[in-house]
Amino acid sequence: MSDLYQSDLLRLAASADGAGRLEPPRASVTLDNPLCGDRVTMDVRLEGGRITALAHETKACVVCQAAAAVIGRHAEGLDKDGLAAARAAAEAVLKGGEPPAGAWAELALFKPVAKVKSRHACLRLPFRSLEAALAADQG
Amino acid sequence: MMARGFDHALIRAQFPILEPGVHGRHLHYLDNGATAQMPKAVLDAIVRHETRHRANVKRSVHFLAEAATEAYDDARESMKAYVNAASEEEIVFTSGCTGAINLVAYSFGSLLEAGDEVVISALEHHSNIVPWHMLAKRAGVVVKAIPVTPEGRLDLDALPKVIGPRCRLVAVTHVSNVTGAETDVAAIVAAAKAVGARVLLDGAQRAPHGPIDVKALGVDFYAFSSHKMFGPNGVGVLWGKSELLARMPPFLGGGEMIARVTLEETTFAEPPRRFEAGTPPIAQAVGMAAAARWISGIDQEAAHAHLQSLTGRMLEGLEGMGGGRVRVVGPLGLQNRYPVVSFIVEGGHPHDICQLLDEEGVALRGGHHCAQPLMNAFGVTGTTRASLALYNDADDVDALITGLGRALKKLHL
Amino acid sequence: MMARGFDHALIRAQFPILEPGVHGRHLHYLDNGATAQMPKAVLDAIVRHETRHRANVKRSVHFLAEAATEAYDDARESMKAYVNAASEEEIVFTSGCTGAINLVAYSFGSLLEAGDEVVISALEHHSNIVPWHMLAKRAGVVVKAIPVTPEGRLDLDALPKVIGPRCRLVAVTHVSNVTGAETDVAAIVAAAKAVGARVLLDGAQRAPHGPIDVKALGVDFYAFSSHKMFGPNGVGVLWGKSELLARMPPFLGGGEMIARVTLEETTFAEPPRRFEAGTPPIAQAVGMAAAARWISGIDQEAAHAHLQSLTGRMLEGLEGMGGGRVRVVGPLGLQNRYPVVSFIVEGGHPHDICQLLDEEGVALRGGHHCAQPLMNAFGVTGTTRASLALYNDADDVDALITGLGRALKKLHL
Amino acid sequence: MSDLYQSDLLRLAASADGAGRLEPPRASVTLDNPLCGDRVTMDVRLEGGRITALAHETKACVVCQAAAAVIGRHAEGLDKDGLAAARAAAEAVLKGGEPPAGAWAELALFKPVAKVKSRHACLRLPFRSLEAALAADQG
C-alpha cells in the first residue's frame, strides 16, 4: 500500500483540479462517507445532459482528493453514460484490474487501493456525488 | 465438507460436548429446540477470529480492522446464501430471533396506525406474541390470532375470519417449537397478500434444518437465531425484503447506523447498517456463518431422512406408553413436521419427568416452552419435549423410551 | 491471578493475537478504544463454556441446562462485583453499550412527557446521542447538550444554564472516547440531583480500566460493553438502581421476560429478567465476566501508573511534531484523563495517517470516532486516535512517534 | 436426585393435604412460576393475624405439590413470624442444611432438591403464595 502514497498520487491530490464552487450551479450534491465524515460537494452546470462546468469541494483523505481531482480534470463534456463508463473504470481498478486507455487511464494510480477495502469508499465518494448531481438535474 | 450420504458417527464426533457424558452416563441431548450444540468447526471459526482477526469493523484503517470487516462481510454473504436473499443488504444481524422480531415490531410497527391489525397464531412462541402485545399497547394496533387444530397446526379454515382488510402483517411461526408442525406457508402468504398484508415467519425452529429459500416462500421477513442452529449465542438474523427495509425507520440508535449526526438531529444510513446500531456481534456473526456453512455442507436429503426416521421411532415408542397415560401433543404423522415431539403424561408433571430422565442421561425440556397460549389451547400447563438434531441417533430415542418407562414406574404411574 | 505489581511481559504473553505481527512487523495495537484484544483466560472461559456447559438457561431441568444457568448467574454475580452494585438484580445483560443506552431511552424514556428534557453533551459518542434524538422525535422530549471546553472536557460552567427544572435525565460519558477526558461525575450528579434528574453514565471507555463503584459515583444508570474490556462481542451491561428498574416498563418482548402470557395480554417479570427478552448472550456473558475478573486480578495502581506513564510519553512525543503541524485534541496533562489520545495533523488526513502507520505495524483509528458533534465543536471532520491497553508498552508508543515522523515526510508535511 | 422421588415424598405430594378452596377466603393469592407455568392458589382465613383455615389449589410438579401439602398440614395457627420461620427452614434445606425439629422437620424430605437449583423455585412457590396471602390480608 505504501506504493499508494507515491509522489504522483500526492501531486494529483494536491493539484486539487476543479476545486471550488460554481455560482450558481445547476445542480449541487453533497455526500458524506458516514464512516469517516469525509465530505464531497459537487456543483455542476449541464446542457443537454452534458456537463459544461464542474467544481468540487472535497474535505477528505488523499485518495478521495485525488479522485476528485481526476474528475475535475476529465469530467467536462460527460453525459450520464460517459460518467457510468468512468465509474466502471474506477470499479475495475478496485477489483485489481486496469483502467481502459484514454481520459481515465490516470485511475491506474489507484491500483494499490484495490487490496484495502476500507478505502474503496474514498475513491467512490466523488464519483457517487457527481452521479447524484447528474441525477438531481435530470430527475 | 461432508461427502454425500450421512455418516452419523462422523457428525457426532464433531461435538466434543457429547463425549464426557453426564452423571456417569452417555449424554442423550434431546433439548435441541432450546439450544443446539456447537460443532468443532464453528468453535474453531470463533477462536480463529478472536486470535487472528479481532477488531472493530468498518471504522479503522489497519490490518486487523480490515480483517475483521472482511470476516463480518463474509458472514453476511454466507447468511445471504443460507436464506437465498436477493442481496446482502437484506441481511440484518441482530442479537437473536427475539431481537429480530422486536426490530420489526418497533420499526415496521411504527408505520402502522391505530386500528390496523397484526395477525399472529395460538401456536406462537412468546417472542412472536409479546412484541405485538407491546405494539398494541403503544399504538392501538389490534392483535388477532389464528387458532390451532387439535393436531397442533394452524387452523387454515379460520384464515378468512382472522385475516381481514385492516390486516397489515401476518406474523407466524414457520415450525412450531412445541408440536414440530410446519406451517403451510403458501396458504398464509396467499391469505395475507389477498388483503395486502406482509408476512413475517419466525424461523427459529426451521433454520437448524437446512438452507431456507425466502424467495420461494414468498414472505417479507424471516427471523432466526444462531444458537439453535449450532452457532454461538448473542446473534441472529432478520432477513427483510430490501424495498421494505428501505422504508422502515431505524430501531436502535448509535454508532454505525447514521449518515450524519449533529447535536440537533440525526440522519440515517441505508439498510442493513441503519438497523445495526453500535458494534455488532462480530465474532458471533462469524460463528453463525460457519454454522450455516456447516449445515449446508451436509447432504440435506440424507439428514432429513435420518431425522424423519428417528422422529417416527420416537412417536411410535411414545404413543400408548404407560397404559395410555402418555399422549403426543401435535401431529402423529411425519408429513410437514420437524423433529420436535411434545407429550403429556397424565398425572405426571413435565419437570418430574425431565428430572428423572436427566438421571438417565436424557436431556429433555419440560414446561410451557414459552408458548402459554398454546398450552391454554390444549388445556395443560406444560408438556415434555424431545427435540432432535443431526447428532442424535436411535440410541438416544431408545434411551428416552426406556428411561420414560422407568420414570413412570418410579412415579407410580 | 496476578501478583502485586505489574509484569508487563506476563500480561502481553496472554494475548496470542499480538504474537504473529502484521505485514512482517511487530503489531503495535493502539486501537483499544474501538475494541480491546482478548486474553487467553477469557477465550478459554468461552471455549470451556461451549464445550462443557452449553445449553439454554432457566428453562430445562437437565445437567447442561443447570450448568449453563449457573454459569450465567455467576456471570451476573461477577458483573455485580465489578461495578459494586447493591444486588445482582441491578445487572441487566444487553447486546452491548449501545443496546444498554437504547434500553434506557425506550423504557425510562417512555415515562417522560413532551417538554421534559434530557441533557447530553457535545462530547458524546453517537450511541449516547442518537437514542435521545429518536426519543425526542417519538415523544417530544427536548434534548439539550452541555458544551465542551477547548481542552475537550465538559464545560461545567454551563451546567446551571443547561440543566433546568424540566430536566429528567443527564446522560453523559464517563470518559471521552476521543479526548480521554474523565468527567467530573460529582459535579454532574450534584447539578442533576438539584433538579431531581437522574444520571446515566456511558462507561464504555471507563470499564476497561478497572472496577467501578456505581454507589460512590452516585449515578442511576451505568452502561458499558464487553468487547472494549477484553471480553467478547455481543454483550454489555446496563446497571440500574433497583427501585428505578422496578418502575420501568420492558423494552424488548419475548421469552424469559414474562410473568404470564395469554393471547390477549402479557404481564411481565421482575428486573432484571423483565429486560432480558429471549435467549440471552450466555457464553458472551460468561466471557465478559471472565474479562472482569481478569482485570480485577491485576494490581490496579500499578496498571494505572503504567498507562499514565505511556500516555505521558505519547503526549510528549506528539506535541510539536512536524514543526507544530501535529496538535493533540484534548487534555494535555495526565490529571483526570484516561489513555486515549487524539491528534490532528494540519494538512494530513486521519485515514492517510492511519494507513501509513499501519505499514509500520501501528494500528490506530482515524475519523469522527462516532462523535461528529465533538468534531464540529473542534472544527474538524476527524482526528487520529491512539488508545492504550494494559499490554501496550513504550515500544508501542515509540513506534507511533517514529512512524508518524516518517508518514509526515511521505506526505510532504 | 433420584433419592428425591422416594415413596415418602411421592406420598406427601399425593396426600394433597389442604387441597381445595375456601368459600369464602379472607385472602386469596395465585402465583405462577413463570418459567414453567406452575400455579399455586392459596386461600386463607385469618384471625388476629393468625391462619385459622387454609386451602390450596396446586397445579405443579411433585416438589411443589409436596411443599403445598406440608403447608396444608402445618400452617394452621401460624402468624407472619411463624410463617417466616417455616420459610427459613425451607431455605436452610435448599442451602443443604437440616430443618429444625418440630412441625417443619418434614422438610428434610426436600434435601435432594438443594443441588438442583432449577427446582428451588418449585419448593418456594407455595411458601411465596402463602406469604403473599398473609400480606394481602394485612395490607
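Here the chain labels run A, B, C and D in written order, and each chain numbers its own residues starting at 1.
Here is the rule we use: contacts are C-beta pairs under 8 Å (C-beta built on N, C-alpha and C of every residue); 3 or more make two chains touch, one makes a residue touch a chain.
Every value quoted in this text rests on a predicted model; they were computed, and no experiment measured them.
In whole angstrom, the spacing between the mean C-alpha positions of chain B and chain D is 37. Computed centre separation for the pair chain C/chain D is 45 angstrom, with centres defined by C-alpha atoms. Inter-chain centre distance (chain A to chain D, centres taken as mean C-alpha positions): 76 Å. Annotation for chain C: residues 59-61, 65, 256, 258, 260, 351, 355, 358, 366-367, 372 touch two or more other chains.
Counting partner chains per residue, chain A shows two or more touched chains at residues 35, 116, 119.
Because contacts link the chains in a way that matches no line, ring, star or complete pattern, their graph is best described as other.
Annotation, chain-chain contacts: A-B, A-C, B-C, B-D, C-D (touch as defined at the top). Interface residues of chain D, counted against chain B in their complex, comprise 1-2, 4-5, 10, 35-39, 59-63, 116, 119, 122. Chain D contributes residues 32, 34-35, 116-119 to its touches with chain C in the complex. By the touch criterion given at the top, residues 16-17, 20, 22-23, 27, 29, 31, 34-35, 37-38, 43, 46-47, 50-52, 54-56, 59-65, 95-99, 101-102, 105, 122, 125-127, 129-134, 143, 145, 225, 227, 232-235, 250, 252-258, 260-263, 265-266, 277-284, 351, 354-355, 357-358, 362-367, 370, 372-373, 376 of chain B touch chain C in their complex. Across the complex, chain A is touched by residues 58-61, 65-66, 69-70, 256, 258-260, 269 of chain B. Residues of chain C touching chain A in their complex: 349-352, 355-356, 358-359, 366-368, 372, 375, 381-382, 410-412.
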